[in-house]
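One structure below.
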């Protein structure tokens, strides 16, 4: 399945908005999280930061997506900005665009995510190659990244 | 040194406001934290929750104090309430009262805290017996609690 | 219950044999372990080393006891000596004296231990005050140590 | 560089001796360890067990190598057998053949290992593709494994 495009209302840690279309040919890791989700803070988000540190020079683009689907008033962009600062996150992070109807933001709905954290890996051809909800094992995730990076660009 | 009274603008996890005066005769552990302080979320706050679970039936009163001294707009009571819910914190938590001048809230200033997390232990006589900044060792903290609980009420 | 005397066939990390009788008036922590017991290596033995580091100047005597009750040929004193060296253990450690009949060594039988690791705390009066099998919580153990150290010598 | 053949004096967890020659065409992970090496017990050996569990059905052969170069009397095959049993290790483990002269066993010398733990990854063509000493990051190791597994057999 082709990865749907991102719908982002505000970006952090990037000089310009990011689109998956522009990243075609690279391997992309989407890390969907909420700043008040304990499993994200303890596992998913540090794991995304490690992936960014390990593989950014090998062609992996790690992109955070703040998919707020609960406690909306508690996790505004103002709070997210302080969170990014305090946790020293350096990969690009987008705020998933709120929907006009309902609590689920647009990108989260497009990818049919079940919650946070969610890790999605997209191959060089733009196809979704992994869609994982919850705590991911570092070694298993590394193996998928290694496999995708080894594939030739289409 | 006698423990100064708390100045709290809003309480969570308690049916009524708490004062140190009313707790005289019990051992009190004050856990000062900020919801976006990584060292609090990873160590200090879970440690306070463990102390609450271990010793509440032995006479220890664990009290959280949300001492916001930076990123004020990011850590409002609305955000704190979601944080308490998501992290399943069950001990009483007060919002340290903002000062009229400057970023340091009132109780934090009274205790001359250096930052978050700070753990303060108060004996049955109301005296400050431990004042620690940063990551505290579980076993060392347990020994102080055990010593204070073993003291007779004044 | 009074703590039975130790039966030790060989000592490490002490210039002279140790008896509980000679330690009367001090608080004693017995850490019974086997060098090939995973729960000892991962939790119990590092915890005993931490207790030794934290409280030896406060009057706690931490004593290790190598209570081999299985794989006897695999855990001889020669192997234990290398284990103590590699894991940088600095508290006194005695080899529990093998029984003439059966696999359970003498001190282990006297204390009716159920396995390893076992943590036993002995008060200043020589009485057993805690007898725990398996993984012990650092904070709970610290509280017991703090309570016992706060008691006056008999 | 082609991976030198193993020299093993005794095998555990395998019905028949293993040679790298017979594994040609598969990806091989050699985990060199000593049962009394703390960094092996805490990190390297559990990591090898995880790699075995994750990738054995994908074509990775994890092989342990007990490369005793110190405390020889303390780490005999009798002790190793109990260690394997107690730590529930299920991948094949060979005892690196002692040298006639000097403390370094034969396979360890052939691979010019610097100590334990050492992780070596061998591609399907029998070439050494990774040679790491000390604690290896799970995600980085996973990426190498994923890359090698993605390569076609020669």
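We just call them A, B, C and D in the order they show up, numbering each chain from 1.
The rule we apply is simple: a residue touches a chain if its C-beta (ideal position, glycine included) is under 8 Å from a C-beta of that chain, and two chains touch if they have at least 3 such contacts.
Note that this is a predicted model, so its numbers are computed, not measured.
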| item | value |
| --- | --- |
| Neighbouring chains shared between chain A and chain D, ordered by label | none |
| Required steps from chain B to chain D (each step between touching chains, minimum) | 2 |
| Copy-to-copy rotation for chain C and chain D - C-alpha atoms, rounded to a multiple of 5° | 180 |
| Chain B-chain C separation of Cα centroids, rounded to whole Å | 35 |
| Chain A and chain C, separation of their C-alpha mean positions in angstrom | 49 |
| For chain C, residues that touch 2 or more chains besides their own | none |
| Contact graph of the chains (line, ring, star, complete, other) | ring |
| Chains touching one another, given as label pairs in label order | A-B, A-D, B-C, C-D |
| Touching residues on chain D, where the partner in the complex is chain A | 47, 50-51, 54-55, 137-147, 149-151 |
| Chain D contact footprint on chain C (complex, rising order) | 36-38, 41-42, 71, 73-75, 78-79, 81-83, 85-87 |
